[in-house]
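Got some structures for you, see below.
Shared between the two complexes below is subunit A, which pairs with subunit B and subunit C, respectively.
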Partner chain A sequence: MTIPAFDLLKPGSVAEASEMLLEHGDEARPIAGGTTLVILMKQRALRFSHLVDLQSIPGLERITDNDDGLSIGALATHRSVERSPLVQRRAPALAQAFSHVGNVRIRETASVGGNLAHADYRLDPPPALLVHGAEVVLAGAEGTRVVALKDFYRGMYETVLEPGEILVEVRVPHAAPAARTVYSRFSSLSANDWPCIGVAALLSLDNGNVGELALGLSGVAEAPLLAAGLERFQGESCSEELWDAVCDVVDEQLSPVSDLRGSADYKREMTRVWVRRTLRELAS
Partner chain B sequence: MERNISLTVNGRQRELEVNDADTLLEVLRDGLKLWSVREACGVGACGSCTVLLDGRPVSACFLLAARLDGRSVETVEGLAGDDALHPIQQAFLENDAAQCGYCTPGFIMAAKALLEEHGDPTDDQIRDYLSGNLCRCGGYPNIMRAVRAAAARTSDR
Partner chain C sequence: MADYSIVGRPVDRRDAVQKVTGRVLHVGNMEPAGLLHVAVLRSPHPHARIVRIDKSRAEAAPGVAAVLTGADIAAMPGITPYHGPAFADQPVLAIDRVRHEGEQVVAVAAESRRAAEEALELVEVEYEPLPVVLDVLDAIKPDAPIVHDEIRPSGAFADLAHVKAGERSNICYHYKLRKGDVDKAFAEADRIFEDVFTAPPAQHVPMEAHVSLAYVDEGGRINIHTASQSPSFVRGELARMLGVPMNRIRVRVPYLGGGYGAKLYNKLEPIVALLAMKTGRPVKYSLSREEEFQTVTKHGVVVKLKTAVKGSAMTARKCEVYWDTGAFAEIGPRIVHKSGYTSSGPYKIPNVSIDSYCVYTNKPPAGPFRGFGVPQVIWAYDSQMDIVARGLGADPVEFRLEHALEEGDLFVTGTPIHACGLKEAVRRAADAVGWDQPKAPASGSKRRGKGIACGVKAVLTPSISGAIVILNADGSANVLSSTVEMGQGSESLLAQIAAEELGMPFDRVHVVQPDTDVTPYDTISAGSRSTYHMGNAVRMAAAKVKEELFQAVAGKLEIDAADLESRDGRVFVRGAEERGMTVTEAFLAKFGSLGTTMVGEGLCQPVVTPMDPETGMSEKCTEYWFASASAVEVEVDTETGRLEVLQFHAAGDAGTAINPKYCEQQLVGAATMHLGLTLFEQMVFQDGQLLNGSLLDYQIASIKDVPAACHPIVVEVPHKDGPFGAKGIGETGALTVAAAVANALEDAVGVRVRDIPLTAERIHEALKAARKVNGGT
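Moving on to the complex of A and B:
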């Protein structure tokens, strides 16, 4: 046994899981795919006396199409999102983003909720969810609340999840029919390494002019970022100068950290390159 | 905590007593002596511990065995028939796709999952699917050849 001993608790419902988490406080964590949690426990970077097994709660892995958007259960695996014909049709950038995570074994195991709750600053999926205006449904002892994903992150590895609260569902509103989306990731190390930078864009054109425009970014701030202030470009005609102006607005919102995938300055520069590329691609 | 789980391993149902903190790899190696399941990185990145869980490729090095009650696991030991290797094993052999052989069981299991998903994969599909399996001997060209040969053989059957 290389992992320090703990007890696995198997709740039958979200309410029971929430009670178990509250009972054991800081000594307990929910476990979904375990691709982050178990590895950190194995490396003895984290230690808990109890893990609350979210996989034992039935029904949390469903992906469905409602009238106004997709509903993705928190326990849906990355692979099931990547391969879902529904997601591929309704939100292709999202299927792309999940297909880039790590390797096929990780994607078979890791869950959508675990990816979001982990709140790492360089994850692939959050930018694509952000440009769709995704919301997360959080369930706890006090009931259920719905939070916009852009307000879910509080900082590096920090979210608004309260003790005992569980992310149960991600809601992804359908994009307008005219909108196109794309997710691009730049890896500065090996192809299936974590991204240095991830950029998702949503753009709709109205007679060649910008209609709706959204940019989601990963790797360039403490947490995944939805660029603010892009409404001002509505009605402008697509051009290289316009993309430069968009990059200037985005640049002001970045706060990259230097890490082994690149220095802060390099990431800033690469963000310009990749934002311009994704916008060019969508406008073409 | 100790608990009893029922796990189908290479087609045979096993009743096992596991600790909550045991990894699937520990149970397969230490308990069932399935030495093809090998730990190298221990963190999901290299694929030397690849096994199939209900037919899907996973890393045994960090899955908790206690969560797998009722599931089915396949390792390389379950592939060969009584008198013939599995076509993927045969293709690896004929194409010299193993040097030290440490990574080979993981590659073979990943290739099995790949071929179940894409019967006639393109080179890009093979590369993409196997990109999370690392060969420290650098035998990738022969591994590519072996997987192409196995695809030809399994799609003929």
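Moving on to the complex of A and C:
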């Protein structure tokens, strides 16, 4: 399969890229790693006369540690996040989640921003970012705005990105020192396959009782999901009964899609299994 | 073992360095000047009438050299537009009707692949959808839509000449075996076991996709470079289709990046040949991965088994096997026949009835797939062997050993068993997995279990392999063979055989790649047949050369040639090594010159006694047997249903291992491939549309899916007629994987799953159903 002819535009800045996107409208798309976009264009499922190459903008691939959190440039590759000592120290679950995506060749190319903006419902990194309370920085002609990742998704393959807007940075606030995080991926078919579901959890304990609790999920709704309403468990003591209660609250928020990796019912049941396992692991 | 110099040694592959350094010439790398590229418009419908095709805009598109439809081909004088190894039921490009999603409809040759693909978008095809039949059991119902109204016979293989298609039916072939009195045995049985097993269509996924290149040379001959496992077939079939003598077609095959059965018979060759003839330019067609899924698949099956037991003996078995051959028969009828007659297993069962049906549906065509249908029937019968053993309270290993056929016993067809190391394979696999050791204790939600399965495959018989060995005056030798090196190691293995027979060093033997102008006829490189058939042909050819060489030496030394032997390129008197000469000296002695060669030809052509059409009986239905056993230990997560294979032991009888390393690699490779098919691979269709036709959604076993402990066990029971006692082993490791894993699953958690793949969700469902039955929640 070949890719239909297109013009590759090389902006020198985000503002220029944004202008290019606005100028060409639906005929243009930004390209970062291209691991998904190129396949879709080769399949002729998507067609763009212009691609705006974000790799030509300097500095978008940096990963830095600021006082309040990590800043991950949208053009950072999956591999660079997975291997970053900063990320491994500050947000181990995040490094873990990125290490699961595709294979090493994909991870060397695929960008963090592309992963998020593609808004696939069953990717590994979003749940881990969600439990950290990550925000995305969106830059457009009108300036930049910061959106919580949980509010970034609008549905299957849909985000709040406006025409001309580009995801340029992901901000990952540092978790409290007492908080522990983990990402569990469940593959129902080949080990290398997309996950059936993914569960990330953040839990801090206060004298054996629940302090901060967050659960991020993928594969169980039209978009990655940060479970709501978990504050009510603060102060409760960790127990199997408590985890069951958490699972009940989570379950109400699921709207799984049946796909090749599992039926909606199966995904619902697996979410229960993996939420419980993940919390058990963090509480132990 | 006999005192061999090179046979039995694990020499490195000839192609290893080239391959790992990326310097192998594949068809895909060939770019002759003026090359045109092909893209093909495919049917979006699983079944439809073609009302109208308008290709005029495509013909006028930039860079387009030719646009071809099925009707165009049918109108070309002297050209036969249909082909197929069993029936000529497949048009090169669809004529009047499309019968599966992805069927080829319009081909464009253009200056670039992109120009060709863009021209396709300008082709207008109007379809009128027709009723679709997808399920193999629906397809045999009397009111089912009929996939083919008429089926043309094929002249491709003499041994398939008896194959007649059913009239106005989707059953295009029926194999029947009747032995003893099955009804009486069932009436008198103590217990009857009845099970239905299924396996879905799946994909071969060779690393290299199909690719063919054709051009017409200055002499008007058609030259084909193709990734094919059957160059001799391609030449013969193209000659028939194009109405030209065989020597007007030259087919060459370089190294293949895997075949697994996907690259047999005609695939892309007719399209590139016709487009090369039409344009007068070189033409290349290479499939995308997505197109691979629409080209050839593994047969899905439904296997119904019913077994009667009296006391502790199996007294009767009734097998009904329904093979989903898709929209075109491909080699389906031969698979249905060859695998059909083994579908009751290699066991002592006095009364047997087998019905094996080849059924058309509106799916992509199914063809050969590593194991040639046998993995599907063993999946069924050796799952049921475990069910029966457990039902009788017998140990599954002991139960198999008690019932397994041995040397001299008659197979169900009436053919005696020879050199079939089945029991040894079972014993060694069972020992390796620690069958007698207690089961590992449960840990949390994880349960462990062990499973075993065994079975046999009969080699494709009759078939033919020819070889020529040329000894040069400097003691180097060329082997001319049409066996395709597709990763199995045949090139080095044939060199080992030739070197051993000639008494020449291994590195002085060169094996010429298949070229139908030069290398003799060979039926196919498939079915684990090359080591035996081509190995014998090469050995015979080498023996003839050696005879000539020895005569030359004997004449010079004035002794009897029978007293000579050769080693490391020197011929000498047995017991008196100092009396002898080099090959060069022998050439000088005989010819007085070095400007000549000694040439020998060998032919291996095992024959069969045709089966009785009513009873399926034959005194000799096959040349030899492959015995396979798999033993596994699995761990099942009872909360998720996910099954992990912890240990895998693949045992197979190689006869004599000409190269033990290649045998081990074949066993492990085949087992790994079928582990993917057992655990998660399947082509999923909805309303005739394939839902997972790319590697994004259809995954094969990766390195992460291979068990940490994956061990080959090479059993060696030499065959009296094999080259140095060798048989083949390319498929053996594949045969028994699925049943072994399902049997281990039951051992671990007490549930029986009768459908592969054994996905986590399927196992989870079975566990839930079992809990319900047991009164739990």
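Brief remarks follow.
Convention: the second predicted complex is superposed on the first by the 283 of 284 C-alpha atoms of A that agree within 3 Å, B and C clash if a C-alpha of one lies under 4 Å from a C-alpha of the other, contacts with A are read in each partner's own complex, and residues count from 1 in each chain.
The rule is short, and it goes like this: a contact is a pair of C-beta atoms (placed from the backbone, for glycine too) under 8 Å apart; a residue touches a chain by one contact, two chains touch by 3 or more.
Not measured: the values here are computed from a predicted model.
Contact with subunit B, but none with subunit C, is seen for A:Q55 once the two complexes are overlaid on the shared chain. After overlaying the two complexes on the shared chain, residue contacts for A:M1 are found with subunit B and with subunit C alike. Looking at the shared chain after the overlay, A:N192 reaches both subunit B and subunit C. Of the two partner chains placed by superposition, only subunit B is touched by A:T35; subunit C is not.
By the touch criterion defined above, A:E269 reaches subunit C but does not reach subunit B. When the two structures are aligned on the shared chain, A:E108 is found in touch with subunit B, with no touch to subunit C. Of the two partner chains, neither subunit B nor subunit C is touched by A:A45. On subunit A, the surface touched by subunit B in one complex and the surface touched by subunit C in the other have residues 1-5, 39, 43, 191-192 in common.
Of all residues in subunit C, only 112-114, 117-118, 121, 288, 290, 639-640, 642, 676, 679-680, 684, 691-692, 696-697, 699-702, 704-705, 759-761, 764 touch subunit A in the complex they form. Here subunit A touches subunit C in the complex through residues 1-5, 39, 43-44, 186-193, 196, 260, 262-263, 266, 269-270, 273, going by the rule given at the top. Note for the complex: subunit B touches subunit A at residues 1, 3, 19-23, 26, 42-45, 47, 50, 53, 56-59, 62-64, 66-67, 110, 113, 129, 131-133. The residues of subunit A lying in touch with subunit B in their complex are 1-8, 31, 34-35, 38-39, 42-43, 51, 53, 55, 79, 102-106, 108-109, 191-192.
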